[in-house]
Amino acid sequence: MRTLTKEQIEQHISDHLGSPLSITEDEYGIFNTTVPLKQLYQLILFLFKDEVLGFQFLTDICAVHYPDNKGNEFAVVYHLQSMQNKTRLRIKIFVPLEKPEVPTLTGIYASANWMERETYDFFGIQFLGHPNLKRILNMDEMSAFPMRKEYPLEDPTREDKADFQFGR
Amino acid sequence: MAIIKLTSRIKVMERKPMSFMERIYLPAVFKGMAITLSHLFKKKTTISYPEQKRPMSDVFRGLHILKRDENGAERCTACGLCALACPAEAITMTAAERKAGEQLLYREEKYAAVYEINMLRCIFCGLCEEACPKAAIFLQNDVMAPPSFERGDFIYGKDRLVEPFPQI
Amino acid sequence: MSDWVVKFIFIVVIFALSLFIAMYSTYAERKIAAFLQDRLGPNRAGPFGILQPLADGVKLFFKEEFIPRASDKWLFLMGPGLFICTALMTSAVIPFAPDLMWDGKLISMQATDLNVGILYIFGVVSLGVYGILIGGWASNNKFSLLGAIRAASQNISYELAMGLSIVALIMVTSSLSLKDIVSQQSGWHWNVIYQPLGFLIFIICAFAETNRAPFDLPECETELVGGYHTEYSSMKLGFYLFAEYINMFISSAVLATLYFGGYQFPFISSMDPGIAKTILGAAVMFGKIFFFIFFFMWVRWTLPRFRYDQLMNLGWKILIPLSVINILLTAGFILFKS
Amino acid sequence: MKTNLDYLSEIHEPERPEIPYTTLNLGPTHPATHGIFQNVLKMDGERIVSGEQTIGYIHRAFEKIAERRPFYQITPLTDRMNYCSAPINNTGWMLTAEKLLKIKVPKRVDYMRVLVMELARITDHIICNSILGVDTGALTGFTYVYQWREFVYEIYEEICGARLTTNMGRIGGFERDFNPIVFEKTKKFLKEFPVIWKQFENLLSRNRIFMDRTIDTGAISVERALNYGFTGPNLRACGIDYDLRTAEPYCSYEDFEFDVPVGTTGDTYDRFVVRNEEIWQSLRIIEQALDKIEKMGPGEFHADNDHYYLPPKQEVYKNMEALIYHFKIIMGEIDAPVGEVYNAVEGANGELGFYLISDGGRTPYRLHFRRPCFIYYQAYPEIVKGQLLSDAIVVMSSLNVIAGELDA
Amino acid sequence: MSEKIKISEAPEGHAGPGFFATSLDSVVGLARKNSIWPLPFATSCCGIEFMSTMSSHYDLARFGSERLSFSPRQADLLMVMGTIAKKMGPVLRQVYEQMAEPKWVIAVGACASSGGIFDTYSVLQGIDRIIPVDVYVPGCPPRPEQIIEGVMRIQDLIGKESVRRRNSKEYQQLMEEYLVK
């Protein structure tokens, strides 16, 4: 199974990058860390380039909306994976609702392109420096960001749910 | 190109270069033609549907039915669990109190005055059957919802859902 | 009865026959495809579905005529017409049966015995591609255009190899008349025995010329939707589809005539001319034709198709050199024998 | 390792404005786009210069729906993601939920799940490879192997009662034990399917026309494949034996003997061959799983957990406590712990991940699906660049992009 | 026409244009119903069940409909299978408009017919919002048997339809309702 411990990663990062990073392991066996926004790109670039750690695989990018978490409404979650070390690392950053801006990872991972577009499409998070940041799944004309908690799920035009055919 | 080995279970699919016989097309062509020709004389697997029916398993999830108990009274007690469990929100019901003298019609003290399933919404997932605590709703294993011309035909009310009275 | 009346009747019969066979080829194709694929195929229209081609025809006839606004109207109409015309013209020189002895006169079972019969076939067949080209271009659709271009280049390339393979055959037969060629092949002296390589090249080219799989690039539906006939509906589409089957019929007839002795069969060759011989000869001829039609279908439902550049490679780099070698071999053999 | 930026800056392609390129719309309703997505190809004759994709034509907002549904109602949703191999998705979701709820399932359930998952993998690969045949023009092989896909449907039907969108099992196990017919049919499948599959391989795999069509078309290097987030057979065709079944065994996959086939060049033919070999390996796994289940004899088919697994129906009719639990579970009032889980299974197309955030409510707070198709399909323009239109179609079908999974 | 030929009265019961028209109608209807070329507009799960319908076990070819025409010009029956998102709506509509008359539409499966479980902001709640539908097939996805039933309902419809129905006022009104062309 996993060949890296969290202490090793912490040590390696503070040795080479200079800035300390605290990693916690959750009960399901994945390393978690939350970093400030400005460190993100540098950290991921280091994780990618480093031969020992080798986080060369970006598994996933997604965002989460916490409307009650004032000032840090959005969390952007990156799942990185090091295939050689069989280790997964979850990096989280928080951005505010007023200025949801995150640096893009498309320069490092080609796969980040669509994942970021999807995140933009759903949450309206701006990925700075993205080559083609536009909606991907929804229609271009859409103005809202549907995965935000306040956006309703149901199609407002559904007829057969509340109409005469049903006794609601 | 490098083959990266992560586990011991790797099995490399080496590619044999084409032999001369493969290069001249014809042997492979004749082999293929022999295979297809052998199927010409095989027994056909087709089921001529409207005349012949394919046997279906005992647990197949087909059209719903509202069961009666052994005395011919409706089992449904309008608890609403099926409507709650339905991921498509296709079930609606209105509960009513059983009046005196209706014991033969309804088993419980409450019954569904209106019970409607929108078959166009329904996805036949079987969750309603699983949710029912009174063994009232069942998905039949040999009847499927028939296609029809009008949208309105697919609102199945109690007239089409409730099991007909047992013929004595 | 004067000669021309007989001829006229014969032409009408052949015309009707080609149409009929083409019509039932569609049915056969569907049935054979189904049987090769463990299915039953059409069986609801009439007993065993034999009315299926009629149903298709009537349906196509009553479908809306559709001419795209951006198309070139006249050429759009001309394409299918030209295609089916050329397809039907080819049957004129094919001897379908031995001459009929009737009333003390020999009646030829061939619309016309041109002394350059083979050249006629080639001339007409190479016209056929214009039908596709015009239709595909006039549709003003990119898929149609691609299909048309593919068809044109494919037909031109494969005609070369086909022609060269025929050259070797003509060296053996030393006649261009199809009737002569057939009569030379009496008994078992079928040309395929003397020209096996030439036959192979010819049949491959025949597949390419008729746009049948594995050379059905002009209309391959997974790539080009419908190829050159993407924009066609109604009977114009019917013409295209029909002409394809007529072409297949004619190709089979030519194959049978050139390489498999046409109406010749050992015991028939030794019979006296008469009704019996004619009928038996015709039966043999059509038996051969039907076998080739079946072969065409069998191959289609077995093989994957080529890619455009591989098709060209096969044509130019393999078949043409091979046919040249075949000519040389034949020439050497003839020289050696004499 | 080169970053994407390094790679892109190394390619210097001179602008060639003098060539009049054609634009071809491949899709949204093109016969070769199985499912719906659009590729706008810029072409020079038949050669593809560049491409751009538009997706989202069947975007169904899975993630939004999942935020409004209790856990057990999400299983039918996952069916419709990769509909060619629904049981893998079902199981993947259940494993995720079980991980969060800390449900320990018995070994027998694990083996049963392995059995259905491998059947699903076979059916998925059958579709992919036989459709590759169809797209190259050989329809007949498809109909031969499809009959066996139908046979697997019959097995599914015996297990769960549906053919395609199975909604198989519950959180904590299966809804019922396997019927003896299931074992019988699986044995028949193991015995007779290999014959037909061999025939199918004979029709295509060493046929020069097919080899010419697929060899060296749509090749992608290991580095780029990793950078593009490839997983599953498509990554293995490039030469990395990354398979979650061996890398992070779940569902007791460590108890099974099987190999992970890898290709050498990452082209279409390799993808075809790798999928073929995976079918043989899956057959091996099924055989072992069947053996193991039969050795255990009839027994548990679900976790012993009253709080999450529905009590048996007979109890519900009679017993008040069971009825209360029944109501609680159906209402979704299970006491889910607060937490975040990422769980991935080896789907037929690659790593199918579920990222579940729970705030303790009856529905997930957020559920994100890592859909393999969505991630690797973005490499398509790069793969088909410089190739012919026919190749583009073959590559697309060999990548096995499933629209339901792509658009979610 | 020469004057000597006397046109006799048509026999009772067959008078008027009705007789010929109806027998033509029935012949054409018979032909049409046995030669339905479907355009499979398969977007998702139901498309896989449609494959089953086409392949050996169910074999839609028995009804004369195995020639799939991917070109809308040549198709008679638009089979909409799978979810139609709002983004897809205009495309579907365009395909419908491109089809040559006479044309029929089947909505196969819950998603196409009504949106099914996907009662969401992005999914069209039934394709009958944008194009007229002739037959609905319930199920998610329907079994091939149900799809075949659906095609047979379409056959019933076609067999009864007049050749000229497509020029009728009702039909044009229907088209206008849907703003087709």
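Per-chain residue numbering starts at 1, and chain names A, B, C, D and E are given in the order in which the chains are listed.
We take it that a contact is a pair of C-beta atoms (placed from the backbone, for glycine too) under 8 Å apart; a residue touches a chain by one contact, two chains touch by 3 or more.
This is a predicted model, so every value here is computed, not measured.
Chemist: Pick the pair with more C-beta contacts: C-E or A-E?
Modeler: Most contacts of the two pairs: C-E.
Chemist: If you average all the Cα positions, which chain's own average lands nearest?
Modeler: Centroid comparison flags D as closest.
Chemist: Suppose chain centres are the mean of their C-alpha atoms. Which chain sits farthest from chain C?
Modeler: A
Chemist: Whole-Å distance, chain B centre to chain D centre, using C-alpha means?
Modeler: Spacing between the chain centres: roughly 22 Å.
Chemist: In whole angstrom, what separates the CA-based centres of chain A and chain C?
Modeler: Centres of chain A and chain C (C-alpha means) sit 62 Å apart.
Chemist: In whole angstrom, how far does the Cα centroid of chain B sit from the Cα centroid of chain E?
Modeler: Using C-alpha averages as centres, the distance is 25 Å.
Chemist: Quick one: chain A and chain B, Cα centre-to-centre, how many Å?
Modeler: For chain A versus chain B, the centre distance works out to 38 Å.
Chemist: Enumerate the residues of chain C that touch no fewer than two other chains.
Modeler: Within chain C, the residues that touch at least two other chains are 36-40, 43, 221, 225, 301-303.
Chemist: Counting only residues that touch at least 2 other chains, which ones in chain E make the list?
Modeler: 55-57, 59, 62, 68, 70, 87, 114-115, 117, 119-123, 140, 143
Chemist: Pull out every residue in chain A that's touching 2 or more other chains.
Modeler: Each of 83, 86, 137-139, 146, 151, 153, 160-161 in chain A touches at least two other chains.
Chemist: Taking the complex as given, what residues does chain B use to touch chain D?
Modeler: Result: residues 1-7, 9-15, 18, 22-23, 25, 28-29, 31-32, 35-36, 39, 45, 56-61, 81, 84-85, 87, 123-127, 130-131, 133-135, 139, 141 of chain B touch chain D.
Chemist: Under the definition above, what is the set of chain D residues touching chain B in their complex?
Modeler: So the residues of chain D touching chain B come out as 69, 72-73, 76-77, 140, 144, 147, 154, 157-158, 160-162, 165, 167, 170, 175-176, 179, 181, 199, 202-203, 206-209, 211, 215, 221-222, 238-243, 246-247, 258-266, 269-270, 273-274, 277, 310, 313, 316-317, 323, 326-327, 330-331.
Chemist: Quick one: which bits of chain B touch chain E in the complex? Just the residue numbers, please.
Modeler: Those in contact with chain E are residues 44-50, 53-54, 87-89, 118-125, 144-151, 153-154.
Chemist: Note which residues of chain D are touching chain A in the complex, please.
Modeler: Touching chain A from chain D are residues 1, 3-5, 7, 55-56, 59, 61, 63-65, 67-68, 99, 224, 226-229, 240, 242, 247-248, 339-344, 351, 353, 355, 357, 365-366, 368, 370, 374-379, 407-408.
Chemist: Provide the residue numbers of chain E that touch chain C in the complex, in ascending order.
Modeler: 27-28, 30-32, 34-35, 55-56, 59, 61-64, 66-71, 73-74, 76, 100-102, 163
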